[in-house]
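Let me begin by handing over the structure; questions about it come next.
The chains carry the letters A, B, C, D, E and F, assigned in the order they are written, with residues numbered from 1 in each.
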Amino acid sequence: MQVNRPDEPAYAGGATFQKLPLALDASDLEGADIAILGAPMDDLVSNRPGTRYGPRAIRLAWDGGGPPEAYNIDLGVDPFAELTVVDHGDASVVPGNAVASHTGIHEAVRRIVAAGVVPIVLGGDHSIAYPDISAVAANYGPGELTVVQFDTHADTATEIWGVKYSHGSPFRHLVDENILQGDRLIQIALRGYWPLPEEFKWMRSKGVRWHRMEEIADLGIKAVAERVLEEIPDDNNLFLSVDVDALDPAFAPGTGTPEPGGMTSHELLSAVRKLVLVKGLAGMEVVEVSPPYDPANITATVAHRVVLEALSAFALHRGRRTPAPENP
Amino acid sequence: MQVNRPDEPAYAGGATFQKLPLALDASDLEGADIAILGAPMDDLVSNRPGTRYGPRAIRLAWDGGGPPEAYNIDLGVDPFAELTVVDHGDASVVPGNAVASHTGIHEAVRRIVAAGVVPIVLGGDHSIAYPDISAVAANYGPGELTVVQFDTHADTATEIWGVKYSHGSPFRHLVDENILQGDRLIQIALRGYWPLPEEFKWMRSKGVRWHRMEEIADLGIKAVAERVLEEIPDDNNLFLSVDVDALDPAFAPGTGTPEPGGMTSHELLSAVRKLVLVKGLAGMEVVEVSPPYDPANITATVAHRVVLEALSAFALHRGRRTPAPENP
Amino acid sequence: MQVNRPDEPAYAGGATFQKLPLALDASDLEGADIAILGAPMDDLVSNRPGTRYGPRAIRLAWDGGGPPEAYNIDLGVDPFAELTVVDHGDASVVPGNAVASHTGIHEAVRRIVAAGVVPIVLGGDHSIAYPDISAVAANYGPGELTVVQFDTHADTATEIWGVKYSHGSPFRHLVDENILQGDRLIQIALRGYWPLPEEFKWMRSKGVRWHRMEEIADLGIKAVAERVLEEIPDDNNLFLSVDVDALDPAFAPGTGTPEPGGMTSHELLSAVRKLVLVKGLAGMEVVEVSPPYDPANITATVAHRVVLEALSAFALHRGRRTPAPENP
Amino acid sequence: MQVNRPDEPAYAGGATFQKLPLALDASDLEGADIAILGAPMDDLVSNRPGTRYGPRAIRLAWDGGGPPEAYNIDLGVDPFAELTVVDHGDASVVPGNAVASHTGIHEAVRRIVAAGVVPIVLGGDHSIAYPDISAVAANYGPGELTVVQFDTHADTATEIWGVKYSHGSPFRHLVDENILQGDRLIQIALRGYWPLPEEFKWMRSKGVRWHRMEEIADLGIKAVAERVLEEIPDDNNLFLSVDVDALDPAFAPGTGTPEPGGMTSHELLSAVRKLVLVKGLAGMEVVEVSPPYDPANITATVAHRVVLEALSAFALHRGRRTPAPENP
Amino acid sequence: MQVNRPDEPAYAGGATFQKLPLALDASDLEGADIAILGAPMDDLVSNRPGTRYGPRAIRLAWDGGGPPEAYNIDLGVDPFAELTVVDHGDASVVPGNAVASHTGIHEAVRRIVAAGVVPIVLGGDHSIAYPDISAVAANYGPGELTVVQFDTHADTATEIWGVKYSHGSPFRHLVDENILQGDRLIQIALRGYWPLPEEFKWMRSKGVRWHRMEEIADLGIKAVAERVLEEIPDDNNLFLSVDVDALDPAFAPGTGTPEPGGMTSHELLSAVRKLVLVKGLAGMEVVEVSPPYDPANITATVAHRVVLEALSAFALHRGRRTPAPENP
Amino acid sequence: MQVNRPDEPAYAGGATFQKLPLALDASDLEGADIAILGAPMDDLVSNRPGTRYGPRAIRLAWDGGGPPEAYNIDLGVDPFAELTVVDHGDASVVPGNAVASHTGIHEAVRRIVAAGVVPIVLGGDHSIAYPDISAVAANYGPGELTVVQFDTHADTATEIWGVKYSHGSPFRHLVDENILQGDRLIQIALRGYWPLPEEFKWMRSKGVRWHRMEEIADLGIKAVAERVLEEIPDDNNLFLSVDVDALDPAFAPGTGTPEPGGMTSHELLSAVRKLVLVKGLAGMEVVEVSPPYDPANITATVAHRVVLEALSAFALHRGRRTPAPENP
């Protein structure tokens, strides 16, 4: 269902990710390759709130108008010309009731997956990883899904402030509840002052792999991306979990728990491109964009481009094509 | 066409005015009483730009969720229960081409009026008054439409910087081109340093009436509203043109040409209520909301409530009901 | 316990309300007249979050330095010279667990009241009214406490989004659970589009009284304050519940659900002064200050001054003194 | 010396107050009626800094373009058509050396006055009142100059934080040093929590008169302005000292020590108009505009209009004309 | 013409680039080496507006005071000691009339070039490249001028939204109209999702060269700058076109169409230095600075430093000197 | 003295650096290893003010709650578990009296050093280097203390605007007054347009060493840090002076004199880590954080992390331990 007029400039209209057709009902998902889903909640953040406005801001962070068109000049592909991408709207969230919101998000992702469509979830705080990854993982056999998580924080606590399914704990429970194998979780850009040794000990015991920001600083993002690719079993499906706080606060000020010393936008986009080109995409989430702390909208914009980069690479991967960069 | 899920909170979804059904096509307008239309342009402002983002900001400036519901506690009516209100999306505007944008706006309003629906246009700079009022006026016999304009500036120049259909000149041309009778234009809240004697002379020669801000300060808005009502011929239809800079910049910082010493939000809402209760509503525009200068979103919010106030009063007027305020 | 150096400017130090002594432990409360308490939570808001930063912002919104001193020039009294005021720090809140936060707030207020001290609670969202008013009410016989609530919204829903003890429902449950008599609740500044007839019906059935913003606009705040005073039984104790959204967004942009058309700061301060001068103060809360939407800090500042006004008036009331304004 | 092109829009150019000719040298002042002077300093503020950027912001807070033209529609006069107004640039201030800055400001004002020109000084913090008023007062016999001060704070301390010529003490020293007679100082809009009884005692002993904000709230600004006019000796010359914090923070958020409960912009403009219409203008300062706290530039804008209002009224006063408002 | 007092701090005064003499008239340009020109327009942007305030912001983005002095510590030169640099004010732009503004800009640059002076134009949107580069190119034989363009976007569309001389098309028309040879256009930092294959095809057909951001990421800016130098014919004159969106949004949030993954400020400054050291400077433009989206003014500051870097390098180039960095 | 409740979230409470115990009195310092001290002043800045709010903002820039705990995952140490760190509050500063503030800062640091505690001073403008470094240097024999200064500007003027102990001159006087040996001063990240040759000449004459930003760009921060380590005599004690404007404005917008082309946060943190690991820490200052220009609080956050990084490295250094990074 088209909810924008044709040839509308960027600042006109406003419903969907880059003016994509809206596909609110399960039946609308049929035939789609990718569905965007909003998960507007911030009930479980421990510091600055505001991610409830994340999906709206990310959807609108595009400067082009007209029908969806986005020609990736480095890859030589327009994903919207190759893939059928729709916007499934926002999951049914309930203000002040995180459990209900998680249920709504899980249901919506399940619905997308059931239709044979790849979900891209726009957060929302990182607690949504539990409901959305569990919905995707259910679709694959054990050990068939690998999650690559870009993040400052490992998010592997048993609980945060006594809250089990918090934004700092989803990966603990995904693994402990056997939804995800520990050796199918790979983390990139860890730095700073959390988690504690106990969490790292658990991570090691479960076979979780991670690449601290220091490794990127030492080797470069390309080498680290290669290492990550080697850590993913050949036939595994890739789920990307992108917490924008993996970026340095210079690049992503609009987030709840910024940690200096992080990735550049170019590094993040480059890694996402590489991983999806090789492994395709079974699902994705981009989380922790908090518009009240994003005065020039640059955090929402980089989150939007992370999605676009994944779409572009996926278009090539699925078409078994190689990048055709625009060169002189 | 419903573009939001039922029971969505305010910060979820995002397409339409207060989650109203989207009615993009002319055929969708059938049966509606009111249609909201965005006119996202700022090509013709002479000072601070940004009104191109006005329609989007106004549409979203609501804190309620779920299906459209807005019980006016002073009037005892929910306009959405009484009226069929739809969102016709944005007019076809063209960045950098004000003439084309005016054409697009005129066409969209004409379409709405042709369907027997009352248009409420969200600007956009005040230049849109020419295309939208002309589309409404065409529907009535000569002298059948009265425009009441809340504004700091009379907007009656022959041209601004040599541009004829500027945001400072629409009412000059509406009258000079016999689209609107001069004595069918009533202005409220004029103050400050513009226009010049030449414009006032023209205004007098055409029978334009106006009420300076001083008059409101001296007599109170209720008395001024009564005077305005007396100036409207009995059987005339009312078009409201609300420039948010009629408000003091404290109440409406997010506008392009703020002028201190203006109305309070309460005064504006009170006058709109009164006028529409008595005269009904043949059309309306709310213009000059500039989100880049509205850090806490309060300007978009008061613009939204001006629309809601007009809708509430119109619901009573049409139903020939009197206000039933909620009292203890 | 003094946590600031003597003669520190406003921008130095930073722990307590206006550099008051910190009294974190129950035993520290002994001998105090008034205790400030922070209730930093925003878990239950339905629109813009951020009130978790409210207490910190309000505490620091003072431009004087040195030891606490605040000579009210209209009343001729410095409350800090007359009253022993301490800062009890923040209640034990738990991010993401509103029930636990409510318990922590209730416990802290109970502790203050048990020490014979008058609590002033800095929110936080308005859901805290339930735990804090219930702790104060428990100290009085039935019908001995009157709550005067300044607010745009009545906050008398049975639930908001299915959440019972939400920021939109505390007064419903305080009355329905017989913690507060319905005829001991008086609301000021109601306006806009909520609540619905059902809530008003319940309010009438319980004897709740309210004064819409329209009444203030028509009669002036002084007359309305007189009416409110008449509605309070002679020997009743006064609890003030001040939601900053009672103010027009021009005066209080930094709040979650701003509603245009509200009170001026002068009106609010004037009414608080009047009520406390006559009735004294058994407790108070100032809620819904959201710093992320308060770029120039003016909302936190008016919230701070509302506390100071109440303290000043209380100092006179307790000393059975009349105002001695500084006149030439 | 013209430093702007003719017919430049508001956002082009940028040197002078409303694109006035620049008159940097003493010799350039000859023949002028009014000279604007910037006093960019904030060395002596006790709370939020930033007034060093005040003059620049005020100068540019105009939305018109072309040559200076400002037709006051309430008075029926364009001051720039009646008066020769120039911009004398900024006084020689020295960062980190308040004494030197005061000297520079005093010298510049002395230069303006010596040329027979009326100075209008754009602050800067209120400490500049000492150097600028002393330069103006030196031009008149004892008791020939009356200062009317719009301000939240009396600024009559002997010292602030041990600093004698602070932004909180200028009026104490102007009177104590016999530069200004105590009964030639009239203050309007005092409120809040400063100064202390000691200062008020001194003020009474010197014959200072003041009108608290409460008086404006009770009687209206027109009546208070009448009272002030009665307090000015018939043949006295008027110096206006306008501290923007006389305004409520809603109208003037961009200031260092905002105090809720203040004047509206309309009240301030109205009083300035009245006073100058009757008494003319011997000098003026507009102080305490702090742009870093003025995100939508509304404080600088009202400061600009206060100057324009004084100029407009002065044009009529000097021409012995009465207001000729533009009416239908 | 000096429009600032000597020894004025940064925040005093305000007319010209770094307090340079103002040279508004053609005759004032005589003897100058460099003239700064503002081109304040944003009529042709397709996304966020605001560049009309660019020239003013860039001019003032300097923290030094006193007479123009800027000793480049890496090059060992103060350009203002070596070159006569003046500020020619702003071109005659007309709000709402892009054609007239282009004419005004063209005329002003033509005037500068005719005086034998090198123009540095401060935008404004990138549409100004057409009028300003055409004025510079007219001064050289065919193929004598090479434009090096730092930009995210190639700006080689035939039209944007039907507007021919848009901010996305200037380089297309400069080449197609034989003002600039296609092989005299070299672009740096292209990335993201625009232009489309059609534009790239045209670019190839015309001999345009470009260096995608990926090339900088792979080889480093020094190597890319070397390649660019090799691409410029030996005796060609260099025009620099710097669109600040070449920078990553972290470094330049204040722009209309930010694209993540861009250059660092250090890379841009380094490349500008290198190019001008070797090739000198025939003209320059710095465009797309949008102050409303630049809350800490960092975008205007980097734009200012790009100019200063070019001036510094040009001073050495013209004096046939080599860099003399300040080392211990 | 504990001024926070146990298990308080980040946004609750608010007195001390990361909820450390407050140690206001000299006697409270006993037994401590490190004391944090605020130096809230901005009296001596020459451009944008606001650093008076720096200490408060840095103290609160932490997203964790509960008791101080900060496990550095790259070093494998929690400094708060190894060191006794206290917050000594703010030094006695006097608004408008820089001399008195310097005295207060000197006294406070002297007090800390006298108690055998390492001071970490949070600025404030960089003028505080004179009082705080002189207090630390007094504790060591001549030539026993090496200052490593991260800064855009050398701050080695004899005076700024005639002010001797300015924020641009502390290192000149520390050396000229023999408080610090010239060859014990090493500067990192110099760039831009200041100081002038005269200052560099003096620096060479005194044996000052420096590493321009270009050197970091060419060699990488690791190599430069190694060079710096070689320049520090073996048995010397290290004082770190970190001016946040060493960082690029993208990473530290909230500062008074931003200079594009600077360090990344990762580079700064990496260098601080390296230097302290090898040399320990005799004292430290982090200066020039200006919150009014830091809308998303990222500058205060990186300043906070610089302190945390130094603490972490110091904990290892003192314990003669080597880093134990958390690896899979």
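Here is the rule we go by: a residue touches a chain if its C-beta (ideal position, glycine included) is under 8 Å from a C-beta of that chain, and two chains touch if they have at least 3 such contacts.
Just so it is clear, the model here is predicted, and its values are computed rather than measured.
> Touching chain C and chain F alike: which chains?
Touching chain C and chain F alike, sorted by label: A, D.
> Could you find the chain whose CA centre sits the greatest distance from that of chain F?
B
> Have a look at where chain B meets chain D and say same if over half of the interface residue numbers show up on both copies, different if under half do.
different
> Angle of the rotation mapping chain A onto its copy chain D, from a C-alpha fit, rounded to a multiple of 5 degrees, please.
The superposition gives an angle of 180 degrees.
> Cα centroid separation between chain D and chain F, in whole Å?
Distance between chain centres: 41 Å.
> Taking the mean of the CA coordinates per chain, how far is chain C from chain D in Å?
Whole-Å distance between the two chain centres: 37.
> Rounded to a whole Å, what is the gap between the Cα centroids of chain C and chain E?
About 55 Å separates the centre of chain C from that of chain E.
> Chain A: which residues touch two or more other chains?
9, 11, 46, 48, 52, 65, 94-95, 161, 248, 250-251, 293, 295
> If you connect every pair of chains that touch, what shape comes out? Choose line, ring, star, complete or other.
other
> Run through the chains and report each pair that touches.
Pairs flagged as touching, ordered by label: A-B, A-C, A-E, A-F, B-C, B-D, B-E, C-D, C-F, D-E, D-F, E-F.
> Show me the residue ranges of chain F that touch chain D in the complex, using the header's touch definition.
Interface residues on chain F, with respect to chain D: 42-46, 48-50, 52, 94-98, 100, 160-163, 166, 292-293.
> Once bound in the complex, which stretches of chain E touch chain F?
My answer: residues 9-11, 63-65, 69-74, 76, 78, 248, 250-251, 264-266, 269-270, 295-298, 301-302, 305, 308, 325-328.
> So in the complex, the part of chain F that touches chain C is made up of which residues?
These residues of chain F touch chain C: 1-5, 7-9, 11-16, 22, 24, 38, 40, 52-53, 55-56, 59-60, 65, 89-90, 92-95.
> Can you list the chain A residues touching chain F in their complex?
Answer in residue numbers: 46-48, 161, 190-197, 200, 203-204, 208-210, 212-214, 217, 248-251, 253-254, 256-262, 293-295.
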